[in-house]
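Some structures are shown below for you to check.
Two complexes are shown next, each including chain A; its partner changes from chain B in the first to chain C in the second.
After this line comes the complex of A and B, so read on.
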């Protein structure tokens, strides 16, 4: 990947974030939060995408973003009210913009007709009085339309974000600006409050990041007529010139009605890569070129008394951050400034803003380069996590060795080891925190999905999201998107009824689909629920029989029938719809979730809706566990699942059926599960009273008592995936390496509970309720 | 007299090769064909300006032939028409 490609990748990463911001902002507006900050954030997101796209010459994206941005600008300035209808339109426009970004990235193609229609719609929203544009050429129209009000400004350039755009294509003739000394002198005399002097000193990084001074100048020209004066004095002789270094600087005289913020926004993308000074009024172009240009009139602009805020020029390379001057600076030093600092090549003199307020803004708005977010190759973090895992194992081994030598816990060595353990744990937490991300990044893509699926299926759906800030390891996040997408599609397509059906059932025609994330038992749980008709159990049952998935004689509980939809080859849709049933069944979702060490289940109530529950480990790296002995094997039981551990008394154990037994725990009965038997380590269970019982709770809240032979203690273990290194094993979640170097299996508590449920033939197993 | 044809895009990637192309032709009068240029960036502008200065120092002729509208327009935008373009081009209203 060459450098430019790498920058492009970064740009698209940023686009993802910006699109998420955009949608988030629009959704906030939809919820009635249309304060200036939100609207500004929305505008900036589109503006930033446009600017970046311009740098890469992504013309269709720039054009669409431009039309979009124009409307948002009007909303921002309250020219167009942000009505709920408008926000809906803006949301759809954000979808089209996302398509353009994807297309520019080479992922998919934009539907030109949709894009054109959307652009026309945006344009119509921007100015309802404008003649409706023919849909066939909306973008061109939109740009021409934008140019119209400013046609009088001679130096107005278009689009601005992309100098690769052909002006002719845009139906607009470029009007070049000219610099004549007479005009300039006249202007100086007439200098009004709306004249600004913008000093631009690009750094080499600006070009390296594929930004371009020409674009900045063009953007400035969008605000009003500009006159740029080039200072080429710092450019070295050709043979000594570094072709990729920035030498030239510019001083731009800008006439605009806009305020300083608008001017600063032009430079939003080059923060830190460009020294910038913006002063009101005429500034002295501090360079030799202008001195030559002005041919002996050098002091003229400085002497201009008409400028409302006096501006002076420092005589030498000036600091980037300007100290606020409490009082307007006297004009006295001006004369000293007259000799242009030709000898100071890179940093020519800087105009000093006299107004303290202006200087202050400058300090805030030009952040240093160190304030940005660091982007790190995830592989480096993964390597770090691996190493910390090894450190944890190593520390455990060391502790074990020390224990073997019988060193007293109060000794310095043992205490030092404790501290080491503490530190190791903290390092591990910190490293994991680097990878932890809120699920928001996945959730934010879902409102669009719901909109699209609802419109395709003719249903009305509202998405309610909860727990977007729940954090989970990045590796898990990346794999959440597909199952959530599928579950949401399913919820709308199969779960929700049509508006008519809903009305007939006395429900709100608009269905509610809820997407929630929460932490439970050390795992992340994602719930997708709808308030639709629920699972038609009769139909599911009959389809399963018809497809030969189950035998007709089998008696199933409601829950078991619901879970039939996860069987391979099951699809309830009579016809394959566009939305669901595209060959990816729930069984595929279930398998992909299981591969991650997760589980998926469904509960449903007829007429009230269904809930899909997806549970995944928070991280795929570490786990707090209880180390136990079972039939001579060492196993690890996740601590999060354990409620309590106890040694059962004989009177607490009651037989149940031919082989089963239950344990009386306080006022309830819990099935006893011999782990050794379930996993096949032994053929018959020893009496439970000889072992230890771990009372565990599954994700669905069901409890069980796991019987083990002995407990070794609690330990943090590093998870080594069985799926990656071997294969999936029923009842086993993963493996780990113990302090003594042996491999131990980590128990999958839920799987062990359900394995036991399945093991004995059903008719022989009366339910617990029957026993009571 | 040697002719140097400028590519369509004069951006970051073009600046190094452009400098090399000028260095190769050093000592000869050069005619820069800017007819194809659609995009002129700040870095290549610097190279062109440095080259023009170098040719002037060598006492050799340096001219820009038939510049495209985009070239002229961007040069003006940069405020570099006086330094780079000859008077006849300079005066043209595109």
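After this line comes the complex of A and C, so read on.
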């Protein structure tokens, strides 16, 4: 039973995929893509969910899925037209189905009333003339099927439950066709009798006359299944290669009922332009191994490479029981290699010490599809990533020690270490790639959210998604859902106008909300935009003043006003709606995003809509940083933020205000920020000209010049969360462990810039998040 | 009387859950050599590379459905005699009739029990030991 439980877990995982397929298919249908394949895929998804659910006795799920499936079947067979309205209904039904799946999983409850109403609606769609007639007994034509009816013991699992009926014949005359394994084996053997080996060695003339081997092979394939092997061993190294010459030889194993003449006919037009050899049966030794494989045997060790006569398995008198013959039978027509069918089949009886040729043929063995995808417990990968992180730190420590011992960079040891660093990096990248996932998993939950929010707020909204395949580390993916949900809710609830307002404004009553993901300078950017009314700046401004969030005399740019909505305690909704006002404001979203080293901002154009932009690092595991010294402390500045580093000349530093100063960088002035002072490491700044300046750029494009005492160099560091291990500190994004084992703090550049802004003695002034 | 453990089976279904359930049922019957494929196309490749004695296949699958797989199996000489059991729903009667035309050995209506599946296979191979 444990095994069944494990399969059940698989089933629910699969349900997630099937539900996604279902929704994806329905959305495709909504976009007018209602070809047979799409509709069938939609049908199959529901069908499969139902089938699995039946096996585990998940009755409510089976019942709902059945009604849903019946309608989809009617759509599939064109009995019910797939109108846009119907597709909308189907989408809602898919939401209810998803609820049933969650409920069956023990993750929530289904609203029975909603489910029943939906089921009734689906039934009505299936049969518009819904005469609620009792289900007629299936018309039985001729019941002559002899199979003993299965006495379904209630305790027994029904596999692939479809309808809850327990007779298992379909009511027509059918005699199971018996078969013996011997016949099968004989057939396999007999097939070898129709095997031809065609060896083709084109001469250069063949190509000169614009013929092509591929065409010949295609012609051959018309006669029967072919297996073509290319012998490229005659191709010389590139520098000796004559581009006009022909080097390749093809050996084709052809299975056909046709005779040799028919095969020769294929080569009629290239007669004389290629060397052709046609032999009946398998080719020589190397091909014998292949043939053996095709005949279901383990690959033959090429023990008898000179085996002159073609191997004809057909000569082996039956019975040859295929899977009970772990011994290679292919080398010679020997029957004794087939032992009595007693032994359990030794799975691919691999002759380990076989010649390379045998090893090569083994690769031809098509791996089961189950092997192409490995499902791994995510925790194992997390553990691997942690370990690789330790490895990176360790490697850095080692490199530092070696440096301290004064070992020359050209020494073998140092070079070996360089290689180790390279490898460590590669391992790290590869491991991170394992955990990278397309944002699709988050995005695919959003169409439903948009439907629900739109119907709750009485708006018409269409979600357009872009960049679903953008990959990002799993740790980041998990944290994307909440902010995206919030931004979307906001876009529909506050951004979009009601259909009437939109019509009055000359817009399509249906608003468009766009959700896009893209990579930009080593970060993932999520954009949520709407084509609604945009932010009412006057109102936002006055609310912010009224709530005491900003002082009335503060002059703000449009952009700064837009971003006031991220201030704590700001909410423009006059009434707390069920949608956006779930007690969480945009300020909370902003804070959670910042905790991840991310930024969020909004831009808006009155009457045309708003765009939320969220940017996050691609991974929360590693960071490329510049290691600097500040007041005796070691800090790491994220490399992505650094534009350049320089040593300021005295004439470039200009005082500004009572304590501040700016740095002239080419044609512009940027504020100088002493990191040591800002983080409270020291009370007064040394002259900036004595230190090094890092010109940094914040998320919003604002620049600042950070003053540090010295630069140590560039390094990749493993991020250790400060919040998890200590607590959040203003101006610090996270911590890391350096090569020498010391802990260093990773600077939050944007936070440092904004800290600096509110630093000078005006304590009452609120942080202007917009300017951050 | 063939031994279940000496019969190789290829289970074809696009659903991982269903393949796992069928595999589980087959193991209970005594089968040991069980392979899987997610659709007809993969199944055919798999069979051509290494024939099996028995194919248990779903009908509705992407790429190549069960019926197309059956036809393909019957038209490839080396695997022509592979025993083929089709899994179907009750609604698929016409489909089974077509499968019969193409030479299906037996069919099994979902839902089925382990014993039900065993019976169907035994009708093809004779009683299993």
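Just so we're on the same page, the second predicted complex is superposed on the first by the 430 of 772 C-alpha atoms of A that agree within 3 Å, B and C clash if a C-alpha of one lies under 4 Å from a C-alpha of the other, contacts with A are read in each partner's own complex, and residues count from 1 in each chain.
One rule holds in what follows: contacts are C-beta pairs under 8 Å (C-beta built on N, C-alpha and C of every residue); 3 or more make two chains touch, one makes a residue touch a chain.
Everything numeric in this text was worked out from a predicted model, so none of it was measured.
S.K.: Output check: A:238 vs chain B and chain C. Expected answer is one of first, second, both, neither. What do you get?
M.R.: The first partner, chain B, only.
S.K.: After the superposition on A, what does A:123 contact: first (chain B), second (chain C), both or neither?
M.R.: The answer is neither, since A:123 touches no partner chain.
S.K.: According to the stated criteria, A:222 is in contact with first (chain B), second (chain C), both, or neither; which is it?
M.R.: The answer is neither, since A:222 touches no partner chain.
S.K.: Mind working out whether A:44 is in touch with chain B, chain C, both or neither, as first, second, both or neither?
M.R.: Second partner only, chain C.
S.K.: Once the structures are superposed on A, label A:230 by its partner contacts, choosing first (chain B), second (chain C), both or neither.
M.R.: first
S.K.: According to the stated criteria, A:4 is in contact with first (chain B), second (chain C), both, or neither; which is it?
M.R.: After superposition on chain A, A:4 lies in contact with both partners, chain B and chain C.
S.K.: Have a look and say if chain B or chain C is in touch with more residues of chain A.
M.R.: In the superposed model, C touches more residues of chain A.
S.K.: Check whether A:255 is in contact with chain B, with chain C, with both or with neither, and answer first, second, both or neither.
M.R.: So A:255 only meets chain C here.
S.K.: For A:201, decide between first (touching chain B), second (touching chain C), both and neither.
M.R.: A:201 sits against neither chain B nor chain C.
S.K.: Once the two structures are fitted together, what part of chain A is touched by chain B and by chain C alike?
M.R.: The answer is residues 4, 157, 163-164, 166, 174, 176-179, 293 of chain A.
S.K.: Can you list the chain C residues touching chain A in their complex?
M.R.: Touch residues, chain C against chain A: 2-3, 5-8, 14-22, 24-25, 32-33, 35-38, 42, 45-46, 48-51, 53, 60-62, 76-83, 87-93, 96-97, 100, 103-117, 119-120, 123-126.
S.K.: Where on chain A does chain B make contact in their complex?
M.R.: Residue list for chain A touching chain B: 4, 57, 157, 163-164, 166-167, 174, 176-179, 202, 207-208, 210, 212-214, 217-218, 221, 227-230, 232, 235-239, 241, 243-244, 246-248, 250, 289, 293.
S.K.: What part of chain B is in contact with chain A in the complex they form?
M.R.: 9, 11-13, 15-16, 18-19, 22-23, 26, 38-43, 45-47, 49-51, 53-54, 57, 69-70, 72-74, 76-80, 82-83, 93-94
S.K.: Spell out the part of chain A that touches chain C in their complex, as residue ranges.
M.R.: Residue positions touching the partner: 3-4, 7, 10-11, 14, 40-41, 43-44, 47-48, 51-52, 54-55, 73, 138, 147-148, 150-153, 156-166, 168-172, 174, 176-181, 183-184, 186-188, 190-192, 194, 225, 255, 293-296, 321-324, 341-342, 344-345, 347, 364-366, 368-370.
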